[in-house]
Every structure is written in structure tokens, then in C-alpha cells.
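When the chains are written out, they are named A, B and C in that same order, and each has its own residue count from 1.
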Amino acid sequence: MRRTVPLLVGFISGAIVVAKYFIANKALSTWGTNVISWRNIVAAFALGVGSINLIQTHLRKMARKERGWDASILLLISLVGFTVIGIAKGTTNPIYKWGFDYLYQPIYSAISSLLAFMITSASYRAFKVKDWQSAVLTVTAVIVMLGAVGVGSLLYKGIPRWSQWIMDVVNTAGMRGITIGGALGAVALSLRVLLGLERGYLGGER
Amino acid sequence: MPWYMRIQSISKTAIWVALVVAFAIPLIHPLGMPLNITSATTAAYNLIDSLPAGSIVFQSIGFNPAVDAECWPQMVAISRHFMSKNLKVIYYPYMQEGGMYAERIKDSVAGDYGYEYGKDYVILPFKAGGETAIAGMKDFYTLFNTDVSGNSIKDMPIFQGFRGMQDVAAIVPVTGSDDPVYYVRYIEPVYHTPIVACGTAPLLPVIGPFVASKQIKSTVIGLSGAAEYEILAKVPGSATGAMDAQSMGHMLIVLLVALGNIGLFFQKRAQKAAGVTSNG
Amino acid sequence: MDKNLALAFLAVFVAACYYGMTRTSKGIHIPIRRVPGLDAIEEAIGRATEMGRASLFIIPSGGFDAQAFAAFDILGYVARQSAKYDTRIIVVNGLPEAHAISQEVVRQAYLAEGREDKYDPNDLLFLSGGFNAGVLGIYEREKIGANFLFGSFYFESLTLAEAGSRTGAIQVAGTANTHQLPFLVAACDYTLIGEEIYAAGTYLSRNGAQIGSLIAQEIGKYVSIGVMLIGSLYLTMTSPAVRSLAGKP
């Protein structure tokens, strides 16, 4: 019963949404839209549960004065502050906007900018010509990198054209294959979930 | 340690310092490197430029601060182009942060063109669900009945006579996410609305098949795409100035790859000369 | 027209699933090729156990989609292995929905191994917007012996994988987001590409009915290849260049 009801609810919800896509019926369309809306409501509640977990984790860290507990104070102040201002005054409020423009966005961008450093060291390590496949990989990567910026045309005027050809023909062909395979895999997994054959998200088989 | 081993084991710290220097040089002293205007960006510009004044464009904002270095200059350049052409703009935040970027356009760009909120442009609220929200856009007024501030959209001049996505002249997602693919799945087949996909460089492999099949009409990709669009639309911005730094970064990576492979080549030669069997 | 085609394809797919399940239920053995990444999971956890280090499982904030469900399957397996070897497992979620589910998955895994006393809910973390920074902090603070990255990754994939490689942990990753695959392949020891992540649950459980759906995937691929070949031939034969060669207007 404890597993059967969730599986049944999942099957019916999924079946309604799939049927809504294929069958032009007003009642079905309304039910389908409602089911999709319920998903958003559940996601919102899950966000609440996640936020509570976040607060609990950091309060515990502060109470035990674990390493980095002072950062937890900042986290909780910003979490509560942004939430209160956003709900009370809306996201178009000047204070909320200030927080986004001068706190959230610069910090998030700074962390994300680490990607540039990571990609440089990863490329240095990964692009080693050990056999013909890695030679093709390295040469292709160099052409595309140089073709993406103006310096490529300074070195040789054909580089941007070659780069475009690699992206339009070679890359597109490969991506098509992976995308089709991935899409089929997603359909298969979704079918297994709908039919109750895939129970990993419920904690697996008993 | 032989020199060919040293150049294969440059420390990460040294690499990262070199990268900072490579970025800093052109920012302090611009190098004026050339920029190729690609056919893709030109096609995107021409498509927008061909829209008659008063047409409604739907700009989906699917990026956050992680990728706004590429996407924000694109959004500014394209928004300036929209407004210089007197196009009506509906901004839709596909991501939570998207609304904040639309607010920035409102505060810093719209006023330059005398654009009035509610009449010439509007910012819709974020809808959770990502792909499911886009799928629901076929019932436009079921999904949206207020703007981001909670004002009813039915009374807004921009929505007078607007039936839904069928009245949109072009969909222009600016994104670091997959939303162009969702517009191709759910909106393009029904209404045949042209899609101009703008976004980060890694987006191109994802949307490449859809561009080849003409489901996405054109693209503006990466910081270089933003710089190209700024030049085409004659709206100088931050992207053009940053391209020198990007060029230097790419050149450094190519140099490091070359050094690593030169070292590997001479290492294998030395091992062969010493009669050592190399496993590669 | 598009919807009718999609419905027809779905019908073929469902029929192929039924066919596959029927074959497996008759006890017919269906060989599945090795997926090195999935085989390496047990090795990775064993190595972490020997080194006295924890395993880290990352489910990113990319989206609550089929990839998240695939990640739960793998998480269940990793959690069971961790419970069996008495290795600490830290689970980091970028999505609140995933966090709620992964708590249950890990708890059930420990229960199944009879090690419910070892289950520590404090090791299951929800990191929202500060996901990147949070994981980098975990790399610095905790000693990680095995790093698992599964789900819908975006820009954070290379940052996490490259920083993870600096810890010396063995890394197994998987995503169906094609734009992040090159980064994960470059930085991780093993990478599951595209559909391999969706087949992971089936591969690890070897459940007969689930293997039937893998057969449907293969049939679906053959149908796609066939349609692409027919379409390509048709377009080639009717192209202006070929028609002019054949002397037709």
C-alpha cells in the first residue's frame, strides 16, 4: 500500500500529461494543465523543506562552532534577508535589486569565473597527442579555439571557415547521434518510472 | 628533470597566473584584434532588422550570473536593436534571475529609446517548471495573467489584440540553458515562429542540429557573437572591448597545448633513443 | 502531422518494450555490453574505504528531469555499497525535490544492508544557489576518496570535476547534457555518456523487465538510423546537383 499508492498516483498523473499532448480534448487539457500546476506546487513545498534543511545545517554548524561557522552567519542573514524583502516588497524593490546587483551577481560570477582557470589547466592536461584519435581531437580543438576569436584569422585566413565547418558538419553529426540516443534513453526511463518498473527514487526494491 | 618533462608539468598555479596576465594585458592596453562577423550573427541581425515596427518579439531570459558575462552583453545589444526598430518586447524570465536582468534593461536601456513600460515592453513573471512552463505557453493567458509586479496584463496596451504566441513575430531566447530546444519542441511546430537562439558557446553543439534543420533560424553565440551584434547594430558595448582578453586567453591555451605536446614528442624520442619501450 | 508521427513512434516504442519484456520473462539471456563507469563504482568505493575517506555524490541543480531519476538509481547503488563497506557517503543536492528523494533513497539503502544505525542525515546536504562554492568547500574540508557526479549539469561540471581531480579522488560522472560531456570526459576517470546514464539502473539491477526497455531503446535506434538513411538518400537523390548530373531539370 505504501508503495502502491505513490506508483498509482505517478502513473495516472503521467498518463494524463502524455494523453494531453496527443489528444485534443478540452477536459483532458484542463486536467493536464492542473497536474502540471500541482507539480509546481510540490516543487515549491520541496524548496521549503530544502530551505529548512539548509537552516538546520548551518545553525548546527554555528552552535558547534565548526570550521567555517562564521560564514554560516552570513548565509543565514542573506537567506532570511532576501526572502523577507522579496516576499514583503517584491523583487522589483530597490533594496532587493541592490542586493542582486551588488552582492549576488558579483559573487556568483566570481565563483563561476573559476571555470576559465579550470578549463585552461584541463586543456593543458587533456590535449596530448598519443595516437591518431587524440591527434584529431587536439587539432580540431585548436582550430575551433582559434576560429572563435579574431586571432585565428590573423594567423591564417581560412581558420574561421574551417572552424565553422567543424561545428556545422562534424560536431552537428556527433551531437545528433548522442541527442537521439539520449532522448530514447529518457523515454525508456520515463516509461519504466510510469509503469512502476523503476523504483530507484522510492528507495529501490524491498 | 629534462626540459621536455618540465614543460609537460607546469604547475596549475603558474598556468593560472599566466591566464590572469593574459586577460589583464588587453584590458589595460587594448590590442585592437580583428573580429570576424560570422554569417550566423549576420543572419540573426537581418532577421530582427527585417521585422516591421510594432511587431512583438518574445525574449526569453534563460541565464543567471554564472554565464552573464556572455549573455548580458548579447541581451543589451539585442534589446537596443529591438528598441531602435520600435519593436514591442515581452521579456520572459525562463530562470528565476531572468527577471532581474529584465529590470536592468528597464532601468538602463529602455529610457534611452523613450520606451514606456506596459505600452512598448513588459516583464512577465517567472514560472517554475522550465520546459513545462514553455509547453503551457500555448494557453498564454492561462499561464500569464499578471506581470512581474502583479499588475493585470489584460489592461496593458502591449497586449491589446494579442491573442497569444501566434502573434509573436520572433522568439529570441538569450540563454545558458536548454530553453531554445523547448521552444523548438512546443512553439515552433505549432506557430512556425522564427527562433533566434542567443547564448553561451557550449549552447552551439546542442542547438546545431536544429539550426541545420532550420527549426532555429539563426544564432548569436558567445561573447564573440555579442561583439559582432554590437558592431552590426551599431550599439557599442562591453563585448567588443572584452574580445581582446578572450583572444589572449585562447592563445594561451593553444600555447600550453603546444608546449605539452612538444614535451611529449621529445620525451618519446628520448625514450626510443634510450631503447625504452614506451606505453604512450 | 508531427504529433501523429510522435504518437506512432511512441506506439512502436511501447510495443518494443513489451516485446523485450516478454523475451526476458521467458528467461532468454540478453547480453548487455560492459559500461566501465558503472563497473568502476564498486572499485571507487573500495578505494575510498581503503584510504579511510568519504565518498561524495553530487546531484546538480540543472533540472528535475529523467537524469535526476537516473541519478537516484545510481545513488541507491552507491549508498548500498557504502553501507556494506561502512564508508561515509556525503550527498549534495542542488535541487530541493532531489534532496527530499535522496534522503529516502539513502536511508532505504542503509536499511536494506541492515546498517540503519550508520545512516547520518547530516551528510545529506541541500546547496541551493551557492552550489558550486559549497561543493568546492566540501572538497577542501572533507577528505574525498571517490567522487560521483550524476545528473543534469551545466557550467558547473568542469569546475567541480577539475577541482575534484585535485583532491586525488577517483571520479565517475554521467550526464545527458551534450554540452557538458566534453568537460566531464576530460576531467573524470570514467564518464557515462548520454543514454548510458538512463540505462544505469537497469545495468546495476539486471532486472529482466527493465532490460526489456533497453531492447526497445536499441530497436528505437535502428528505426531512427533507418529513417535517417532513407531521408538522406531521398534528399541526396532529389538535390539539384544530382538531378543535373542525371540530366533531369
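The definition used in the following text is that a contact is a pair of C-beta atoms (placed from the backbone, for glycine too) under 8 Å apart; a residue touches a chain by one contact, two chains touch by 3 or more.
Everything numeric in this text was worked out from a predicted model, so none of it was measured.
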item: A-C or B-C, whichever has more C-beta pairs in contact; value: A-C
item: Chain occupying the most central position, where position means C-alpha average; value: A
item: Centre-of-Cα separation between chain B and chain A, whole angstrom; value: 17
item: Centroid spacing, where centroids are CA-atom means, of chain A and chain C in whole angstrom; value: 14
item: Gap in Å, rounded to a whole number, between the CA centres of chain C and chain B; value: 28
item: Overlap residues in chain A, where contacts from two or more other chains coincide; value: 43, 104, 108, 111-112, 119, 121, 123, 125, 175, 179
item: Residues of chain C touching at least two other chains; value: 65, 132, 155-156, 178
item: Multi-chain contact sites of chain B, meaning residues that touch two or more partners; value: 12, 66-67, 205-206
item: Interface residues, chain C side, partner chain B - complex; value: 2, 63, 65, 132, 154-156, 166, 177-180
item: Chain A-facing residues of chain C, complex; value: 3, 6-7, 10, 13-14, 17, 64-67, 69-70, 72-76, 80, 93, 95-97, 99-101, 104-105, 107-109, 111-112, 122, 124-130, 132-133, 136-137, 141, 155-156, 158-159, 162-163, 176, 178, 181, 183, 186-187, 193-199, 201-202, 205, 207, 209-210, 213-214, 216-217, 220-221, 224
item: Residue ranges of chain A in contact with chain B within the complex; value: 29, 33, 36, 39-40, 43-44, 90-92, 97, 100-101, 104-106, 108-109, 111-113, 116-117, 119-121, 123-125, 127-131, 138, 141-142, 145-146, 148-151, 153-154, 160, 164, 167-168, 171-172, 175-176, 179
item: Chain C-touching residues of chain B, taken from the complex the two chains share; value: 12, 66-67, 130-131, 176-178, 189, 200, 202-203, 205-206
item: Chain A-facing residues of chain B, complex; value: 10, 12, 15-16, 19, 33-36, 38-39, 64-69, 97, 99-100, 103-104, 127-129, 132, 135-136, 139, 142, 148-150, 201, 204-206, 208-209, 211-212, 222, 224, 243, 246-247, 249-254, 256-257, 260-261, 264-265, 280
